[in-house]
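Listed next: structures, encoded as structure tokens.
Next come two complexes, and both contain chain A; in the first it sits with chain B, in the second with chain C.
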Partner chain A sequence: MALLTVENLRTTFRTDDGPVGAVDGVSLSVDAGQVLGIVGESGCGKSAMSLSIMGLLPKSAMVEGSIRLGDRELVGLPGGELRRLRGAEMAMIFQDPMTSLNPVMTIGWQLVEAVRLHQKVSKAEARRLAIEGLAAVGIPSPEDRLRSYPLELSGGMRQRVMIAMALLNRPRLLIADEPTTALDVTTQAQILELMRELRREVDAAIVLITHDLGVVAELCDEVAVMYAGRVVERATVDELFARPQHPYTWGLLASLPGRNLASERLHQIPGSPPSLLRPPAGCRFAARCPFVMDVCRDDPPPLTPTGRGTAAVACHLAQDVRDREGARLSGEERA
Partner chain B sequence: MVRFLIRRLLGGIFVVLVVTLAVFVLFGPVLRWNSNISPARLYAGKNPSPEQIERVSALLGLDKPYYVQYGYTLKRLVLGPSQEERERVCPGSTAAECDELLGRFGSSFAKQRSVDSLIWTHFPVTLSLTFVAAILWLLISIPIGIISAIRPRSIFDRVTIVFVLIGQSLPVYYFGLLALYFLAYRLGWFPLSGYEPLSNPGQWLYHLLLPGLVLALQFAAIYVRITRSQMLDTLSEDYVRTARAKGAGETRVIVRHAFRNAMLPIVTMFGLDLGLLLGGAILIEVTFGLQGLGWLAVQAAQRLDVPTTAGIVLFSAIIIVAANIVVDIVNATLDPRIRLE
Partner chain C sequence: MSTVEQFEDMKTEGMVLARTPRQLAFARLRRDYVALASLVFIILLVLFALAGPLFESWTGHPVNKSNSTGVDDYTLLPVGPLHGCANGLASVGERACFVLGASNNLGYDMLVQLSFGARTSLIIGIVATFLTMVVALLLGVIAGYVGGWTDTVIARLMDIVAAFPFLLFAIAASVAFGASLWFVILIIALFSWFYPGRIFRGEVLSLRNREFVTAARMLGASNSRIVFRHLMPQLIGPLTVYASLSVAGAIAAEAALSYLGFGLPLEIPSWGRMISDAVPGGLYINAPFLMVFPGTLLVFTVLAFNLLGDGLRDALDPRGGTIL
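On to the complex of A and B.
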């Protein structure tokens, strides 16, 4: 059974200009020990979705649908019960390690706090667990680091601390929201390497959010591609790279750095995602899609299985057109 | 940290030096040129003869060149009155009698006392008033500011904002008189004026409560506003979200994470305000008949008691400089970003 099951999730922010449907009917699931990648440009609702799962959204947000962790329904769960799950059963790593740690508290204080919020252990025992946790994420002389303040550590080290903190209580679900986006390239590689190691060691289900398909290729088992609050394509990583089905996915693939240009027109997807305040009626990608047809502007395509494993796509293009274009693209890439 | 402290201390000493020079020039030469007030004339009593003035000038050391006078003023401020001055001004007195008359800040024209002893007589009143007011305004403003920030745009928040505006725009003397008239005179809940020493704590507090409250409400308005805005800022910080993601409860998130960071600028402001108030809250002291430093300053100015006025100005300046240094030290202990810089 899947550890995390999200069904028809709708997250709406009430704003002065009207409701913003940041997540609009997303369904997905992850098994224990699996890594699900969520890709999409900035503003597609990836963070809104992960914060919905964690129950960390501001009061101005409304969450509908179903989020199940194991067999427990999280939507509508009282605040106190959700709080007991946060940091214990499910944990989250954020994008910017420079601002995610409390600047006036020591690393040790913050780690010990994380332990003692959920485990009835002595301070000394919590400290020991904290040191262990820091060592596990490759922080040198972890005992000394307990006395450090966040500003004494580099971005990469801080992100390691955040990862250690998230794993302290052995959560069953770990959500990493663009954990490397704010880091420089070398550090990105190191953190990804760390995530790869941890993936083998911890038995948690991992949701890895990124806007970089390269990261997905390296770390994930399955992928969901999000566009403007919706999942437009879902597949295993191998399937996605072998037979990408959605024109948006093609665009993402083509804009991967270091890969040779696929079809010219897709090299960079022109334009930007539509406003979620008043989203277009049909397919939300229609305005930017090089293959757009009349039907795309009127009817939103449902997420439909392609028939190959768990893969599904939301696109009006005929299956053979998608197969042909997708195969051409991944063929060019391999060449 | 030690280097930081030494640097701050040296900076403070420099500022005090500049202030002493300014006070010396303003209350010495400038005052004399400007209004033709000769200290010796004031000191020597009504209609003194020229010989009397000359004698007093010599007695006060005013016949010396300015730089010698300034040098001695500085030396006296640091080391206390010299043996030579003691013998010149109070020959034949005991040391204790002479201490009454001479001090680091000089001697009053109006009373046969040193400025030091005047200051130390009146300062406890100001200190007590400031203490009571400060406790009251923190107790009032911090919780209100925090609650407003947690529930922005709520009815509580809106009512608070209205009171903040009123509190900030009501002149303290007017507000003080209103309070005095209704609460003390009409209702008789509070004494009309005066101060009781701390040796009788109940009476002490009873006499300070109303002036303290009036003073506190004015500051509370400002502190509610800054607490609210600081809390709104920190509550939207990433590390507050991290604290929630760890499973911390709301109270813990607000107090240990958000407020712990939001309080840093509040602490700074508080320290500086204390420094200012300890120099004398003139309007409140006069309105409520509290004979503190502010009250003393008004008295001294009215009587053209130049040394006392100058002494109070210098004393207040030293307190403000000291408050600044204390604020820096407290900030450095509270905020590693300052300490480790």
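On to the complex of A and C.
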């Protein structure tokens, strides 16, 4: 059974101009030990979805549908119970390690607090667990680092501390919201390497949110591509890169810097995502889609299985057209 | 030690020093001579206030006690400094010697009255500030953290208090309820919490949306834990600064009320009333020291707390420069 099951999740923000549906009917699931990548550009609802799962959205946001962790329903769970789950059963890593640690407290204080929020252990024992946690994420001389303030550590080190903190209570679900975006490239590689190691060690389900398909290719088992609050395509990583099915995914893949870097400018998808205040009636990608048909503007395509494993796509294009275009793009990529 | 030498020092130790915000603030404060001088003055003032009973036995003049020797038989003016101290300080204790003169036309001893007045000022300054800060923290943090409707109500309450004319209200209330030490303290606290309250509200407002607060919630921290363990410690900086400024304000406000005759009851010595004692009949024209001694002490005390507050603000300012 899947560890995390999200069904028909809708997250709506009330704004002065009216309700904004940041997440609009998303369904997905992750098994223990699996990494699900969620890909999409800024504003497509990735972060709103992860915060919905964690129950960290402000009260002004409405969360509907179903989020199940194991066999426990999280939507509608009272705040106190949700709080006991947060940090213990599920944890999250944020984008910017510069701001996600308390600047006026030592690393040790924050780690010990994280342990003692959920485990009834002595301070000394919590300290030991904190040192262990820091060592596990590859921080040199962890005992000395307990006395450090966040400002004394580099960005990469802080992100390691953040990861250690999230894993201290051995959560079953780990959500990583663009964990490498705010770091420089060499540090990114180290953090990705760390996550790959951790993936083998902790038997948690990991949801990795990113806009970087390179990160997805390195770390994930399955991928869901999101566009304007909806999942437009989901597949295993191999399937997605071998036979991408949705025109938006093609756009994303084409925008990756390929091997023939010198020859041409990077591809970009023309236009910008639709306003979620007044979303278009049909397919949300219709306005930017080079393959758009009349039906696309009126009927939203449902997420339909392609018949290859777990893969599914929300597109009106005929299967053979999608296969042909996807294969062409994938071939170009390889050439 | 020059900057270069210090740098050499660090190199030989083979490390670069990383300093916590607290260490940096102390380093900056150590170089702020104005703030240091203020701090020294405040410490001396506290010692001066504590020495009250010593002064009483030394001069032989109890506090609030009229002395016939303190009034000139012919002019009926309070005697001046060093009056009757012909044999120097050895003559103190003979009851005729007034080191700083007498403080009013009843012949109170100026030195003793000033010392006990310092007590009053410090007690009022500290207790009123404590109350002010408690209310300011409570309401400011609640308004900033809870937000929404609660925030609107508290913020408007702050506006109303800020718009209230302090002296007018204090005088009216003093007439209605009768003045006492607690009355003066409460009325000062009532009219000063809104300013630091606004500061704390603003601080919390900007802190609560910072990512580390979300991160703490992500780890399962409750609201009260976030407020008390994560947000409050960050308010220590502004709290110290505004506490220092608030002590100055409270001392000045008490002096003003007592000067106007609506402050402390007569049995409590007060610098403000000592100044006002010099006014009737133009006493201060013939005996200016009646006004100069308590006035100078009051000015320097208020100045010292204000300058210390300024110094603390500079020292705790994260934009402040780095000192090697």
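Simple rule for what comes next: the second predicted complex is superposed on the first by the 326 of 335 C-alpha atoms of A that agree within 3 Å, B and C clash if a C-alpha of one lies under 4 Å from a C-alpha of the other, contacts with A are read in each partner's own complex, and residues count from 1 in each chain.
Criterion: a contact is a pair of C-beta atoms (placed from the backbone, for glycine too) under 8 Å apart; a residue touches a chain by one contact, two chains touch by 3 or more.
The model shown is predicted, which means the values in this text are computed figures rather than measured ones.
Under the clash rule set out above, the superposition-derived model of chain A with chain B and chain C contains a clash between the two partners. By the touch criterion defined above, A:V185 reaches neither chain B nor chain C.
Using the contact criterion defined above for the overlaid structures, shared-chain residue A:P103 touches chain B and also reaches chain C. Comparing the two complexes, residues 54, 56, 83-88, 91-92, 94, 96, 99-105, 113-114, 117-118, 149, 151-152, 162, 165 of chain A contact chain B in one case and chain C in the other.
Those residues of chain A whose C-beta lies close enough to touch chain C in the complex are 54, 56, 83-88, 91-92, 94, 96, 99-105, 113-114, 117-118, 148-149, 151-152, 162, 165-166.
Residues 54, 56, 79, 83-88, 91-92, 94, 96, 99-105, 113-114, 117-118, 149, 151-152, 162, 165 of chain A are the ones touching chain B in the complex. Against chain A, the residues of chain C that register as touching in their complex are 18, 20-21, 210-212, 214-222, 225, 229-230, 233-234. Those residues of chain B whose C-beta lies close enough to touch chain A in the complex are 237-239, 241-250, 257, 260-261, 264, 334-337, 340.
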